[in-house]
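Two complexes, one shared chain (chain A), two partners (chain B, chain C).
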Partner chain A sequence: MAQVRGWRKVLTVLAFISPTLIGILIFSIYPILFNTYISFTNRNQFHPNPDCAVGLTGLLEPTCWAVFKKHAVTGLGTPFRLQTPLFGNYASLMGTFFTAPALLSVLKVAVCFIPLIVAGFINRRYSRELERPISAGTVNLIAVILGAIIFFGLSGLSAFNSILASSDFFTVFLRTILFVVVCIPLFFIFGMGLALLLNVKDLPGKTFFRVVLIVPWAASNVSIMMSLVFRFFFSETGTLNQLLHILNVQPVIFLNSSLWTFFIIVLANVWYSYPFFMVTILGALQSIPAELYEAAEVDGANWGQKLTRITMPLLRPAVVPLIVLSAIGAGGFQMFGTAWAINQGGPSQGAGVPGGTDLVMTYAYKQVFQTNAYGRMGAFAVIIFIMLFIATIASLRVSRVTKGAYE
Partner chain B sequence: MNRKTKTLAKVFQVIVAILATIFALYPVWFVILASGRPGARLLTLDLPSMFLPTTWSFENYQIMLFKQPFLTWVKNSLFVASMTTISCMLVATSAAFAFSRMRFYGRQIGLVLFLAIQSFPGVLSLVPIAQLLTAMGLYRNLWGLVMAYVSGTLVFTTMILKGYFDTIPIDLEEAAMIDGCGPVQSFVLIALPLARPALASTALFAFMGGWGEFVLASVLVPAPDTSKTAMVALYQIANSLSVPWGQFAAGAVLIIIPILIIFLYLQRYLEGGLTLGGVKG
Partner chain C sequence: MKKSIFVVFSLIITATMLLTACGASPTTAPATVAPATEAPTAVPPTATTAPVKITIWHQWDGAYLDAITKVFNQYMTDHPNVTIDLSKPNDVTASLKVAIPAGQGPDILAWTNDQIGSNAIAGNIVPLDDQGITQDFLTSTYEPAAVNGVVWQGKIWALPESQEAIALVYNKDLVTADYLPTDPMNFTDLTAKAEKFYADKHIPLLCNQGFKGGDAYHIAPVFFGFGVKQYVDDQGNVTVNTPEALNAMTWLLDIKTKGHLLQDADDAACRTAFESGKVGMDWTGPWAIADFDKANVNYGIVPMGKPFVGIKALMLTKNAVDRGNAAVALDIIKYYTNAQNEIAVALANKTIPANSAALKDPGVQALSTLAGFGASANLGVPMANTPYANAQWGPVGDAVGAIWSGKQKPADALAAAQKAIEDAVAQMK
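So, the complex of A and B:
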């Protein structure tokens, strides 16, 4: 837009982006500000009401604004105020994490990862050289073994358990990380395997398989329905138990076991997510020039060598953003719908304790809608947001979506 | 490779493909089967009827369609999804165009901030949004839901469209500008018609997002029965102990099958939209 200058340019740009800007201000930035403010107050079921005389409450609470005053609802209980100490909610979320024994446990667990980091450095150092003194796989294997030795030497399991016990937050957070770590490789393995299969030139019925295998992706648009189907399949009177009954096996109450429930959530999640991986990897596979494979065949490369030396490196630019985006997206860290529909974060582990498969989002949801702990939830939201914010900024560097037409 | 290993490899490939097909299709097939069984018979199954429709009745469908306000729920869902799509397209295209074509102070950082702010999870902003809508008198109102959805899909839509605008050669607009075309004209007359494929696929994404969303809908419009969306209503049916599960299955089939057909029919289009939108590497 070269010829528009000065205030006219400002006006044009504003006219173009202001609708989006207003939408984002109201429904994205306002919730963040509000949550941050609430996280410093003692708002909960005993103090639900705003006190409009307090400066910031009057400013941020919509029912305090003159325009909306007529819709104000007053519940029972006293108004909420800022907490003393100010960071009380954060402290209660962190529990005993910042005490000496818990931090020592963190240190112990962190030490176990040192061999892996060193292995990464060694592999990067030699990655460009043809003659390597030791292969990358061996280095990684040694690192894993060393890490395991250190882990058991320092009694890492008990250290890990004491981190988990330090607060509900870490139980839920580490479980979510575990969920992501389990899910993403499965997405990749399923997606990659089926993409390789569909990329075979003379596979009979290829078009049929290609259409049928993306049905889960289509169904993921109504994921809540399909998750309920999965729940029924595994429920106490569900299909699997009837099958077991026919085979004269005692029924298993899958949804009463945390491990089984976790497995079911992972299964449902893989079912939804592998087609997206499959389709993207298939697209990338088809863009790899065939000459490379022909040249490799002339040099006598076998199937495995072609896969690891040609296909994998060339898939990297397509797969890395995919993995990063899924890891921080709704199929990974922000998993809510499927987990909620399958067992609502349960089985219950007792009152006031996160359920057996509570992930970050289901835990937050329960905090708000079952225990009305708004203040605590606000602190939780702020911590999670800071993590996701950093992860998103980092992922933008990988996926490069912000470049304009001119760059 | 000799011929024997080649045949073996082919057989292996086909077996894997068939297993994957069963894995992909069985849950959908299962819900279709369940929808054809009248209430009580659901729990007394024999082995073949778990995989094949040995008995079939339309009783569940009749109950869902005529005794339950199912059509009202579908109408609500359709209303919300289409309003979301329309408003989203109206708002997002202009912003996408500006971000792709105009150079202004804070463009790059603005984009990054948009995306990063969007990373605030929807579940965690439920309380402020519900409060805001209550204050505006839009709680338990489908328009409030539309507003929440539009703002939720706004950034994603803007990003995809911006990615597509980036791929349209700027020369056309520059030529038009030399002929005296202003930014609004070059947007409406040149960029928009060229971006039609991307507009279609983004609209589809927005529509499907609004059609299948559950969390916001369950919090913002939990009642009354006549203004619930189909997702919320069916979720409540599936969780109630008094309604047979077969009825839920019938409702779910009526919701899922159209979406499956639309999605599979327009699938290449959707893929194209996604990859063109710069979500690729």
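So, the complex of A and C:
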């Protein structure tokens, strides 16, 4: 009797969630599986059509199913097949990264970080003690100096350059990481600063400023078009150069320099993204009880101590997920629109190498649309998926490790 | 009782979803597919009285579309049983990929000739030889460059509509006869004139959006003018790292300094500079003429180098053959590209017809754009049909960009471009 009721319960539950489950299966799981399968083939413009005799192709490819087979096209091209080294697409994307010299270089660079990790352990060990022989700052300083000595001793710079040369993909990947590392703190600083300002009691014109400061967030929906405005601002005949012309200074070609173009992309991205941070932090600020600040004032805390000891820890539950989502989202790791609109991946460094400000998405776009190589596109997507997956898992651990001041 | 009603209800919803998924594909097709519908019957094409609907997917823009629509309306008046439906999808490649295997694609595809190769390989379009078009008909009706553009691997894939090529559009008020280049192949003369122009007027003589890199189409007249035959040929052989190409790039750096050219001018910057008199010439194509007319620039056109000649053409799709509409569709294509209609469209849109008789018409010959762009097209190199040509755009653009900004020497940049294109072609094979 209990078993029958159990089965009925399972069936009822299944009946309720099956519409969503089927939707997810058809629109999410199936395309991912299909894409992963295609990433192991040589499907491109010259081999666009499937060979339905091959088992897995016949199962996964829609034009092989009986329903669509009636109109299936067979052109002049040969059907696509699995790559002969099965990981062919992945290998060509990774370049020579997984060979001995490149991996040795990675090891050399990693070794330079060991002193810093050891310093972290030491500080954590001694942080709970009331008296410590050496202060935290000194430990960190010694670690940095040791790290620098090892770096120069193992010729770390040439090792780093050889990592970059081994694989275009890794150059682009590291540049994107740098982009995220530069952008996120700026988002936070601007968002936090403006939120603190707007949180001031009896600020004149508070409503007006709140509206005006949110406007860039609305513009971010059409970020590609707005980024053209930024591009115009810095172009050779643009606003900034026209001002310089008035001051009788020679025009500066900002877009010919990788560094300046990178700066312009960061500027545009910060402009679109700070309102989101500002609004979230403002909300979180208003949830902090005022008694805490009053108690701190009684104890003689100054403004800086109030900020770092009260405000920041209480903001952590709101801010940490925000930072993580921004980092792996369209304003961070997956940045495409702004970077593309400003200089299509930066001043060209020559054929066959990524451009000066090529980020992961602009690089993928160029690779794929030059040769319509669907197989390579699939491999790229799978690699990015794996990396973002690892990043998400790591971020979840970080969020759990961080506790709010109330816990 | 209530619980079982809910269970039944949700099962019905699930069943409905499954049925819609397995049914006609339009509901699951991506949003970019244009609303094309199938012809209602599969009547044999010789029965001209049966109602037939022909769908055309095109890329004609705004004002151009008006004159072209008139031609199709006239056909519908002459043939009351035929309905022609024009639609312009956003992403034609993706839409075709989904629509044609589902039987929902167009009957006629109006596009450029460089799309012939990839569509033929994918099986989207059919050769016109099987429908009764002969090589003789082609060569007797259309210009040689246009004929070359629509023939690939020995078969005829489309009928050409118009040709376009870029040329030097100059401001007659600023650029007087002594600053104009006299010989399209004499680039040294162009540099000398650019130097002289800057010395006299303190503004650059010309602006080309391809000079700063990233645009292998606009830099092509320079490469081909110096003797490069093609970037990539039909077999996939790459000829980018040649002495002629090196000469072309050395010239480019020379005119950059001597002519004090704008260093970072893209399409919009060149056009604005030309319209506001900050530059003497804009090296651009017929698509910009409408803007120049609106800006009331007194312009003239003179050819320079050997540009790419893009040929707009109409192709017949596999769906048309399956539906039995092939004969009617082909009739429409022949009607649209006949002399009389080409003259009408050319006069209205100021484009250059591919039909030889239309080109010889006095009204068309008198068009201000014809002498310059037409002469340029005659000198030019047709855009390649082969899909290998897709590999050329990125590397050539990157190489020119690195050369222009000084990041790489011309020899190194061209060698890198050669290697990059060869790698891409090898991957395609």
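Remarks
Note that in this section the second predicted complex is superposed on the first by the 320 of 407 C-alpha atoms of A that agree within 3 Å, B and C clash if a C-alpha of one lies under 4 Å from a C-alpha of the other, contacts with A are read in each partner's own complex, and residues count from 1 in each chain.
By definition in this document, a contact is a pair of C-beta atoms (placed from the backbone, for glycine too) under 8 Å apart; a residue touches a chain by one contact, two chains touch by 3 or more.
Note that this is a predicted model, so its numbers are computed, not measured.
When the two complexes are overlaid on their common chain A, residue A:P347 makes contact with chain C while staying clear of chain B. Judged by the touch definition given at the top, the superposed model places A:G23 against both chain B and chain C. Looking at the shared chain after the overlay, A:G58 reaches neither chain B nor chain C. Judged by the touch definition given at the top, the superposed model places A:L213 against chain B, while chain C stays out of reach. Look at A:N49: by the touch rule set out above, it reaches chain C but stays clear of chain B. In the superposition on chain A, contact of A:F68 is made with both chain B and chain C. When the two complexes are overlaid on their common chain A, residue A:T12 makes contact with chain B and with chain C alike. By the touch criterion defined above, A:A391 reaches chain B but does not reach chain C. Counted by residues of chain A touched, the larger count belongs to B, out of chain B and chain C. In the superposition on chain A, A:F336 contacts chain B only, with no contact to chain C. Where the contact sets of chain A with chain B and with chain C meet, they give residues 12, 15-16, 19, 23, 26, 62-63, 68, 71-73, 237.
Taken together, the chain A residues at the contact with chain B in this complex read 1-4, 9-10, 12-13, 15-17, 19-21, 23-24, 26-32, 34-35, 38, 61-63, 65, 68, 71-73, 193-194, 197, 200, 202-205, 209, 211-219, 221-226, 228-230, 232-233, 237, 239, 242-243, 246, 271, 275, 279-280, 283, 317-322, 325, 328, 334, 336-337, 340-341, 361, 364-365, 368-369, 374, 377, 380-381, 384-385, 388-389, 391-393, 396, 398-406. Residues 3, 6-7, 10-11, 13-14, 17-18, 21-22, 25, 93, 97, 100-103, 118-124, 153, 213-214, 262-266, 269, 272-273, 278, 318-319, 322, 387, 390-391, 393-402, 405, 407-408, 412-413, 416-417, 419-421, 423-424, 427-429 of chain C are the ones that touch chain A when the two sit in their complex. In the complex of the two chains, the chain B residues touching chain A come out as 10, 13-14, 16-17, 20-21, 23-25, 27-28, 30-31, 34, 43, 45-47, 50, 90-92, 94-95, 97-104, 107-108, 111-112, 114-121, 123-129, 131-132, 134-137, 147-148, 150-152, 154-155, 158-159, 162-163, 165-166, 170, 174, 177, 182-184, 187, 208-209, 211-212, 214-215, 219, 231, 234-235, 238, 245, 248-249, 252, 255-256, 259-260, 263-264, 267, 271, 275, 278-281. The residues of chain A lying in touch with chain C in their complex are 11-12, 15-16, 18-19, 22-23, 26, 44-46, 48-49, 62-63, 67-68, 70-77, 92, 235-237, 253, 255-256, 344, 347-353, 355, 366, 370-373, 376.
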